[in-house]
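Both complexes shown next keep subunit A, but they swap its partner, so subunit B is in the first and subunit C is in the second.
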Partner chain A sequence: MNAASRFRDAPGAAPRSLRLMLDGVPVLARPGESVAAALLAHSGGATRQTPVTGAGRAPYCMMGVCFDCLVTIDGHPNVQACMVSAREGMVIQRQIGARRLGDQP
Partner chain B sequence: MSAQAGTAIIGGGIVGLCVALGLAARGHEVLVLDGRDGDMRASQGNFGLVWLQGKGAGYAPYARWSFQAVQAWPDFAKRLSGLVDVDLALCQQGGYEFFTDAAEYEAFGHDLHRQANALDDRLSFELLNHADLAARLPGIGQRVVGASFCPLDGHVNPLRLHFALRQACLASGVRITGGASVVSVRPAGAGFALLDETGRQTRASRVVLCAGLGAAHLGPQLEFRAPIRAQRGELMITERVADRLPFLSSTIRQVDEGGLQIGGTKAETDCDTETTTTMVGLAQHAVAVWPRLADLRVLRSWAALRVMTPDGYPIYQRSADHPGAFLVTCHSGVTLAPLHATRLAEWIDGDPAAPDLEAFDERRFALS
Partner chain C sequence: MSADLVIIGAGPAGMAAARVAAEGGLSVTLLDEQERAGGQIYRNVGAVAGRGWLGADYARGGALVQGLDHPGITHQPRATVWRIDARRGVIWLRDGQSHVSPAAHVLIATGAQERPVPFPGWTLPGLMPAGAAQILMKQSGMVPDEAILAGAGPLLYLVAAQMIAAGAPPVALVETPTAITHALPKLPRALFGLPTLIKGLGLIARIRAAGIPWYRGAADFRAETTEDGRIRFDFTTGKQSHSLTCGLLLTHLGVIPQSHLTRSMGLAHEYDAEQGAWRPTLDPWGQSSEPHVFVAGDGGGIGGAEAARAKGALAALAILHQAGKLDAAGRDRRAAPLRRALSRALSLRPFLDAAYSVPSAFLAPPDETIVCRCEEVTAGSIRKAACTGAEGLRLMRTSLRTGMGPCQGRMCETTVIGLIAEATDRPASTLGPGRIRTPVKPVTLAEIAALGPQPEETT
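Now for the complex of A and B:
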């Protein structure tokens, strides 16, 4: 539990046994929870900046609708973090603005 | 209750609003009767091309009309920006047609020569084989056998164009009503009587039918032939991309906000629902042209209906039976917008300076 987060663990919640990296900083997650849930529990900070105004955004709807939880996961940009289960060793980057085009396959 | 209008325009899409703007600029009192949000609206589903290459290869009047239109676009955009604060994102950067089929590439090259011929060789274009193209656009797909390039082609944000036209009309004194389709229009006295689906009546001295596919049933009420059919086009748009795509094509364009719009399909149907099969085909085409697009996410897809005449060219028809009634329809409402907002208004007014539009008379379909 990170002190910066406004989310609190329910009594008896399973231990956070998975370790992800967010922009080089370790984030702990429970098996079965979404990446978005782990990010919210980690900190209340923004996990992306919008392409239009650069405003900060964090996971919001948690059900795949609002697209405010977009992050880069293991090199894939603009992934909805609320729709992906946390896995050990995931490498996550905040999504800053629009994605770039990938290298030519 | 009955409204009065000098000129009533049936249809508040890009075509109708351009005509309204043109007539208002000539001092007329204009009322636009628009339909419901849920109506078939080519103006809200189209691709936004300001496009010349290939247009009128087999019909010189259309080649010339399209050529004048793309040349008139920069001034038209300036005129609109003087009336309303809307960025149309007009970009006439030149456009490509990409081909993965050698026979189609060759046939299109012949079309361009015929089009240039119709334009007395004022059309500049290039035909590029794969090697030439790869030198200019490193990153082009191996399957692209060739491309044509026309420096006059461009694109615009079609939704903002529609919005800007609406605002410009209002700023020019045009009245616009909406939310109810006109169901009948008939000659009455010295003018016309219009009735919408809510029972509201309008009397007008002149009526211009710009109702898109709606002209198919409204046209015959004024004894127009109105041989119009729907042709479905399907499109998709991807997530925004920070890089600027180094080309514009008739099937792949990067909108000003960064997303890529991919489209260009044609299906002879009046069902405006997109199909998975077509979307897969569009995605494969885009990746064949530009392999770096392979991992882009598609955000939305949709279909819209083109308003097609039998030969694909516009109809500009003045009623012989009912003076004051006009039929205006085309499938290139974006490209032709600058002329619809100027020269076509002159023609509707019978101005001696108006262009001769007899080539777009619908009686051409009676002769064939």
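Now for the complex of A and C:
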């Protein structure tokens, strides 16, 4: 599930001093980086499952174009993780498949 | 929040235009989706110190960001524009709240996106565009670990050189067929861009010196996830099959203008056959078919950062003239050096466009390829629909939902057009551009309702 990250830190990169929660698991983030970057540094696995077939997807374009990085952040569904800066204490949930009518966001 | 000029996009074009317009006496609102100005090319440049491995060209963006420090410029970060209304102005969203910025003049500088590179497996975790990895390097200090770079174009060489400099060299460079010989007639003009050409050759030399395995003429891309979560990348060169394993597969086949906003306004567009993409129809100042709407930078046709900077300044001069702040003689006098810089910056482009054209297999990929990533529609079902009557983008949309997911066709339109063109034997230029409607980025009903009643508006 928690595959190793596909990235490593560049020389001289700042420490990851922020703590986010992803489905109850702590994820560390660097000030100024996007939530999607923090998720990619945390794991090389999927960050959501598609509404149509349930296939696993991870952040892709990193610039707000593809919408593959959609997550729920602090209760708001369908947020582009690549367009939001990581902040201390953020609560992130993966979106698994299609939403059902009556689901709480 | 009224301004004389609203600029959308704080990349090189938008930043250069903001400074020129503000110095000329206009109040400027600069809207940008990111936290910091810079666009994709200079992403995060104002905040990064000590990242020499990204190179000197990247550091050059810092001066443009500093140029925004002018009392006439209001930079609105994290602002997502979802509509430009002819009467009310630019409508944008931040933190769940919509805002309207009325403006006498609008400059759209939304830049480029990477051209989608569809092939079987391109939707798997572990595959990304090379430019996306570069954004992670610039903004997060993250470098790809054991990555393969695949595709074609100068950006691949740059990313490879940056990875080498950061101590994380790519596992291999897998290049699709290039047409350097075919592009040679364009080389005389390219020599005006000699410094850029030399830089490119320098990148290639660094990749060679690092001993990176380099495959040329590659085709038949296919990616799968291995049992331990890595990526197996299969391709062919000539009659030979290859299978490599990597942590990350980074693809690239050039960039195309981001035209959702210009298209949603109903501006005139034209097909650029050299670049294989639509772009808004513009005069030499960047003026669109709507007199008060200008477009500058890669959003008006791909030219790169230096060209974007010149085009942004040229558009600002034309806007100053339109606003009565600069007479025609002054405008033309100041434009002359900018036009020379633009010509230099674009001199390499025809050569690059010809040398790194897109192989047809990525415009019309194999049947099992997912083309529309949002609605998960395969190339096979699009081919079948095209052969049974869905001979245009709109018919395809209604029959298969291509382009109806949250990305609104940004990731599939070029491929859907390529597949229809192939199936119906018509040129791509007759099949687009697709009609784009407001909102150009997803907004909730609550975010729209918060704008209040606008009874007279029906469009």
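Definition applied: the second predicted complex is superposed on the first by the 95 of 105 C-alpha atoms of A that agree within 3 Å, B and C clash if a C-alpha of one lies under 4 Å from a C-alpha of the other, contacts with A are read in each partner's own complex, and residues count from 1 in each chain.
Assume a contact is a pair of C-beta atoms (placed from the backbone, for glycine too) under 8 Å apart; a residue touches a chain by one contact, two chains touch by 3 or more.
Please read these numbers as outputs of a predicted model, since none were measured by experiment.
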Original post:
Touching A:Arg6, do we find subunit B (first), subunit C (second), both, or neither?
Top reply: second
Subject >> subunit B versus subunit C as contact partner of A:Asn78, first or second or both or neither >> reply: both
Original post:
Should A:Ala98 be classified as contacting the first partner (subunit B), the second (subunit C), both, or neither?
Top reply: first
Original post:
On subunit A, which partner touches more residues: subunit B or subunit C?
Top reply: C
Subject >> Overlap of subunit C and subunit B interfaces on subunit A (superposed complexes) >> reply: 52, 76, 78
**OP:** Can you check the complex and tell me which residues of subunit A touch subunit B?
**Re:** 51-52, 76, 78, 97-105
**OP:** Using the touch definition up top, name the residues of subunit B that touch subunit A in the complex.
**Re:** 139, 239-243, 257-258, 291-297
Original post:
Which residues of subunit A touch subunit C in the complex?
Top reply: 3-14, 30, 32-34, 37, 40-41, 44-47, 50, 52-53, 55-68, 70, 76, 78, 83, 85
**OP:** Using the touch rule from the top, collect the residues of subunit C that touch subunit A in their complex.
**Re:** 33-35, 40, 44, 47, 50-51, 53, 78, 80, 96, 113-114, 123-129, 131-132, 135-137, 139-145, 147, 166-168, 229, 247-248, 258, 373-376, 405-407, 410-411, 441-442
